[in-house]
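Input: structures, listed below.
There are two complexes below, and they share chain A, which is joined by chain B in the first and by chain C in the second.
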Partner chain A sequence: MATATLEIWRGDATGGEFKEYTTELTEGMVVLDAIHQVQAEQAHDLAVRWNCKAGKCGSCSAEVNGQPKLMCMTRMGDLPTDRPITVEPMKAFPLVKDLVTDVSWNDEVKKRIKPFKPRPPDFEDGSWEMHQSDIDRVQEFRKCIECYLCQDVCHVLREHHMHDEFIGPRFLVYNAALEMHPLDTEDRREDLRKSQGIGLCNITKCCTTVCPEGITITDNAIIPLKERVVDQAYDPVRKLIQLVTGR
Partner chain B sequence: MASGTTTSLPVRGSFGQTMRADNWWVQPVLVALGLGVAVLYLNVAAFLGEYYAFGNYLSPLYSPEIFGDTPHALFGPKPSIWPEWLPWSPAFLILWAPAGFRLTCYYYRGAYYKAFLADPPNCSVGEPRQSYLGVWWKPTTWNEQSFPLIMQNLHRYFLYLALLFIALLSYDAWHALWFIDPATGEETLGLGVGTLVLTLNVILLGGYTLGCHSLRHLVGGGLDVLFDKPVRRTAHACVGCLNKRHMLFAWMSLYWVCFTDLYVRMLSMGIWTDWRIF
Partner chain C sequence: MEVSRHEHDVLIIGSGGAGLRAAIEASAGGASVALVCKSLLGKAHTVMAEGGIAAALANVDERDRWEIHFADTMRGGQYLSNWKMAEIHAKESPGRVRELEEWGAVFDRTKDGKILQRNFGGHAHPRLAHVGDRTGLEMIRTLQDHGVHQGFDDYQECTVTRLLKDGERVVGAFGYDRESGNFRVFQAGAVILATGGLGRAFKITSNSWECTGDGHSLGYHAGADLIDMEFIQFHPTGMVWPPSVRGILVTEGVRGEGGALTNSEGRRFMYDDIPPLYVNQTADTPEEGWRYVTGDRDARRPAELLTRDHVARCIVREVKEGRGSPHGGVFLDISWIKEKIPNGAEHIKRKLPAMYHQFKALADIDITEEPMEVGPTTHYVMGGLRVDPDTQMCTVPGLFAAGECAAGLHGANRLGGNSLSDLLVFGQRAGKYAAAYANEHGRGTLEEAQIEEARKEALAPLERQDQTDGAGPYAVQFELQDMMQEKVGIVREEGTLSEAVEEIAALSRRADLTGVTGDRKFNPGWHTALDLRHLLTNSEACARAALERKESRGAHSRVDFPDKDKEWGGFTVVLKRGSDGNMEVRRDALPPIREDLQKIIEEHG
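Here is the complex of A and B:
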C-alpha cells in the first residue's frame, strides 16, 4: 500500500509544532481526505474546517507545502511524496487551533464597504435594462467563494499585518463588483483611497496566483480600481477639466 | 486587527523564510538579471552618443533626434547653450519618456518590487523588513500611497508620450524602406534586414503600449456601460486582449529595442553588413 507522510501543524495561538503522520494513499485522494483519515485514525482532536468538499464553500483553506490552497481541491497525487507534505493554517489570521483560523476580521471589513445602490428602475414594473456585455466584467468577480486565500498570501496582511489600513484583495474584488456594476450609482473611490488602502497594494499579483476560482484579481479588479482612483484624486488635468466644466 | 479578537496574528517570518518547496528565488533572480542587463545596455548605449544612425536607419534610443549630427536631426547639431561640463547625448533629450513609462508600468512595478525591493521576495516568502509605512526618507519602507511612489499614479501621462513615440518610430520604420541610391542620389524603395528589425521594433513596442492598463481604462474601462458605445467597446476589448499578454510584450519589446540599437550601431561601426532583400 502506498503511503504519504504529512507534517501537520498542531497547536494554538500560544504555540505549536509540526507533527508527523503517515497515512495510506488511495486513488484520487485530496489533501482534505488525508487530513480526515489522520483525524479518524490517529489524531481525533485535530481541528480542521471544511464543508462542501467541492471547492465551493471556501472553508478548507490552508497552506500545503507553503502554498495557500483549498485542501479539498489539492490532489495528493499532484504533490511530491518523496518528502513529507506540510499542512499549516493560514498565516494572515489569528490561529484558533491546528488548521483553523479566525477569519471574522473579513466579515467586519465587508460591512465597511458601501452597499449596492442601483439607479431608479428603468421600467414601471420595477425592472432595469442591462446588457450581458456590460455585466460580463462583474460576473468574474461574483465567482468569489470567500476562501480568503488571497488575503492570506497578500504580503500587506501576511507580512506587514496592516489589517487596519488595508482591506485586502478579496475586498478590492468585492468593491470592483459593485463599483463596475452597470446599475450602481455609488462612488467608493474616496473610501478605497483613504480608509481601504488601495495604494498599499503593490500589484505583485500573489493574490491572482492563488485564487482557486481563477479570478484575475490584480489585472481585472485592482488595477482598474486604481485607475478610477487616479481619475478622482491624482490626475491634475482631469481635476482642471472638472473645475472648469463642473463635471 | 479588529478589536475583540482575543488571539493574535502568527509571528512574521524572517527574510526568505517559507515552507515552499519549490525554487521560489529563481523567478525574482531572473527578473533582476533581465532588468539589470537591459538597463545597463540602455545606459551605455545612451551615453555613447554616437554610432546611432546608419543611412536611413535610426536607433530607436535616439528617435526622435531633436538635436544631433546625423541627417535625421530635426533641429541641427547640439545646442550651444548645453553646458560644457554636462555629458551630451541626443538620447538624453528623449529617453526619459519611455524610461518613465516603463518605470511606472503596472507590470514592471510589481516585478521590480519583488526583484529589487523584496517586497515580497516571492509569494508567501518572508520579507527582509516588517515596516511598510511609506516614509520617503527611508527607501526601504515605500508603498504606493505616500511619496515618492504615489507618483506612480501619473503613469497615464507617460502613456500619452509613449503613444507619440509609437507614431515617431512608425515613421522611422517607414523611412527605413527608402534607401538613397549612391549612384543617382535618389531615394528608392527597398527592404533591408534593418528595415525588418526596425519594423518589428514598432510592432513589439506597439503591442506593449497598446496593452497598457491605463489605456484600457481610458478607452472604456472607466465606464460601467459600454453597450451603447460600439467604438469604445471594441477598443476596450482590443486593449484587453493585448493587456492579457502585457508581460510578454514588456519583455520582448524591451530586448528588441536593445537589439535594434545594437543592430544599427554595428552597421554604423562597420562591424556588421546590412543584407538587402531588394
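Here is the complex of A and C:
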C-alpha cells in the first residue's frame, strides 16, 4: 500500500504547528482528497474549506509545499515523494483555524467598488446588442473564481500588509471587468488611483503566475487599467469621447 | 454561552441562485432581509452549474416560444409536473435572463450580438443561455455583485439547524456560526428555504458537501409536505476515472456540441433505443443528429440528447451487458467533431474550456484528442417541499421555498437548464411574496423553550460520549452513502427498498451514539454530525416514496414494475411528519390540467 506523509498546519490565531499525518495514496488523488482522508480517519476536527472539488468555486485555497494552490486541483502524484508534503493556510489573511482563513476583507473591498451601471437598453425588450469580439476580454476576467490566491501572493498585501491602501490583484481584475464592459458608463479611475492604490502594484506578475483560471491579470487587466488611469489624469476629454462612442 | 439575536422581515436560508434572487427581490421591496448560508457567499452549489439557463428567448431559432418550453418541460417531467409552475416558469424565464444582463452578466453572443443559446436534452430548440461551460459562475457572481449593493445583511458560514414556530406558523430559525461555534437566533415575519439539493445522500455524486438537503428536512420537521421524493436525477455523464474524481460532472453541453456516446464496440448505442414519446423528435442516424447540432432546422435531435433518465439507464445497460469502458462507464467523444469542422480542437476548447481543463488536470486526458470515460452520477432532486405555484409558500404558513429544495416544476425528471431558470423565476417570486407576507402578518413570537431545545440538540454530539469506537459521524455518513447508492439508486425494487428503510432506521440510532472530538470552533466533525440528521431524514423520504410508487417513470425505475402505469400518472407521493413523529406516506391526486394548457401539450407533444 502506497502512502503519503503530510505536514498539515494545525492551530488558530493564537498559534500552531505542523503536525505529521500518514495516509493511504490512491490513483489520481488530489491534495484535498488526502486532507479529507486524514480528517475522516485521524483528525475529525481538522478545519478546511471546499465545495466543488473541481476547481470551480475557489474555496480550497492553501499553500502546498509553499506554493499557493487549489487543493482540489493539485494532484498528489505531481508532488515530490521523497519528503513530506506541507499544507498550510494562506498568509495574506488572518487565520481562523488550521487551513481556514478569514477572507471577509475581500467582501468589504468589493462593496467599495462602484457597481455596474449600464447604458439604456438598445431594444424595447430591455436587451442590448453586444458582439463576441467586444466581450472576449471581459469574459476572461469574469472567469475569476475568487480563490484569492493572487491576493495571497501579492507582496503589497502579503509582506507589506497594505490592506487599507491597496485592493489587490483580484479587485483590479474586478475593476477591469467593469471598466471594459461594453455597456458600462461608470468611471472608476479616480478611485483606482486614490483609494484603491493601483500605483502600488509594481508589475511583478506573481499574481498572474498563480491564478488557477489562467487570467492574465497583469498584462490584460492591471497594465491597461494603469494606462487608463494615467490618461484620465492628463486627458479628461478622452473619457468624454469614450462615453459618447461607447468605446 | 453566547446566543446572538437578529430580527428581520424576511429570513432567507441559502445563498445559491434561488436565495440570492429572493434576497434581491425582497430587499427591493423595502423589507429588511437576512441571508444565511453554510459556506461563503458566492460559493454555493449554483457556482458549479455548467451548461446554461433555459429560456425561450428565441435568439437562435425564432420559432421558439414559451408554449414550446412549457410543453417540453411537461413531457420531460412525464406529466407529473405542476402545470401552473411549468407555465409560470416558461413565461417568466426570458425576462429573468435579460435582467441578469442588466445586472452585468456577459453571456456568449450570437453573430448578430444577442444572447447565444445552445442545444440541450429534451429542449426542442436551442434554448440555453450560457457562458462557455461556466454558466453557474456567471449567474451567481452577477447576483452576488448586484446583491451586495441592495442592503441585505449576510451571515456567511452560518448553519441553520432548526426552524422556530409560533403555533402553526414559522417565525424564525436557530443556527450556529461555523467559525466560532456560537449560536444565532433569527426572528422573522417570513422564512424562505433555498438550501439546494441532497446529492450527498449517495456515494457517487456531482454535489458538494453542502448538499445534505437541510431545507427539505428542516421544512419536513416543521410540518411541511414533501412531494416527489422518489425522483432523484442521476446525470448520465459523471467522470468515472481516476477514483478520486468519480462523480464529478461532465456537462451535457458536451453532447449539445455534438459529443457521441459509444460503447466498447464503438457503437453509438443511444440510437438503438429511442422511447416512443420522443421518436418523432429524434434523429434516425448520427449523421442527421450532427446536422441538427450544426443548425440544420430540418434535422432532428441526436439520440445523445434524449432525457437524462433515459440516457443514464442506457449507459447502465451497456455496462451491465459487458460493453462498457475499462473503468465501468462508456465513452463520450467530442474529439470526433474535428473531422467535421476546421479548427476543431480550438472550437472544443473555446466551447468547453472547463471540461478541457478538468480532464487535462485531473485525468491526464486531452478531450480534443481522445474520448472521456463517463457514467451516471447523482445530480439533482426533483422532489422537495410542496409549494403554492404562485407564491412559493409551503404547506406551513410563513414558510416559503425556492430552487432545488422546492418541488413541482420538474415532475419525474428535470430537463437540463431548467434548474437555473427555476432559481431565477421562483426565487424572485418567493422573495416578493415572502416580503408581502411579512408585511401583512408582522413578526410572530419566539418561544424560549424551542430555542433551548434547539441549543441542546445542537450541542448533543459534542457533549455525549462517543460509543462507536471513534468511528464518528464520518463512518455513519459513508455507510449511508454506500447503502443509498446500492439500494435506492438508479434501478430499484421492493426487497432492497424495504431493507433500505430498515437500515436507515438502524443508522439513525447509530448516529445518535456518535460523539465528536474537539471544540466548537470550525469543527467539521461536529458539522458532519449535525448534517447527518438531515441526510437520514431525506434518505428515509426517498426510500419510502420509491417504495410507494409501483411503476417506472422518469428518474424512478423499478425492476419489479418496469412499465409506466397510467393510473400512477395521476398521483403524487406525499410525505409528512405524523403526530407520533413517524414519517407518513400518502398519495394525492394531481389537479386536472387547464384546458388551454392541455391543448398546448397536444399541439407540441
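Note that in this section the second predicted complex is superposed on the first by the 233 of 247 C-alpha atoms of A that agree within 3 Å, B and C clash if a C-alpha of one lies under 4 Å from a C-alpha of the other, contacts with A are read in each partner's own complex, and residues count from 1 in each chain.
Methods note: contacts are C-beta pairs under 8 Å (C-beta built on N, C-alpha and C of every residue); 3 or more make two chains touch, one makes a residue touch a chain.
Quick caveat, the model's predicted, so the values are computed rather than measured.
In the superposition on chain A, contact of A:96 is made with both chain B and chain C.
When the two structures are aligned on the shared chain, A:181 is found in touch with chain B and with chain C. When the shared chain is aligned, chain C comes close enough to touch A:48, but chain B does not.
Once the two complexes are overlaid on the shared chain, A:210 sits against chain B while remaining clear of chain C.
Legend: residue contacts after superposition of the two complexes on their common chain; A:10 is shown touching neither chain B nor chain C. Look at A:26: by the touch rule set out above, it reaches chain C but stays clear of chain B. Touch criterion met: A:131 reaches chain B and chain C at once.
Chain A residues in contact with chain B (one complex) as well as with chain C (other complex) are 12, 96, 102, 104, 131, 181, 184.
Chain A makes touch with chain B in their complex at residues 12-13, 63, 65-68, 80, 83, 86, 88-89, 91-96, 102, 104-105, 108, 131, 133-134, 153, 155-156, 158-164, 179-182, 184, 193, 197-206, 209-210, 218-219, 223-224, 226-231, 234-235. Within the complex formed with chain A, the residues of chain C that make contact are 39-45, 47-48, 95, 98-99, 101-104, 106, 108-109, 112-115, 131-132, 134, 136-138, 141, 145-146, 148-149, 156, 179, 208-210, 241-245, 248-249, 354, 357-358, 361-363, 472-475, 478, 516-519, 521-526, 528. Residues 12, 26-30, 33, 39-40, 44-59, 73, 75, 96-98, 100, 102-104, 107, 110-111, 115-116, 118, 121, 125-132, 135, 138-139, 142-146, 178, 181, 184 of chain A are the ones that touch chain C when the two sit in their complex.
Of all the residues in chain B, the ones that touch chain A in their complex are 1-2, 5-10, 12-13, 18-21, 106, 109-110, 113-114, 119-120, 123-124, 126-127, 130-132, 143-146, 150, 153-156, 213-214, 216-217, 221-222, 224-227, 233, 243-244.
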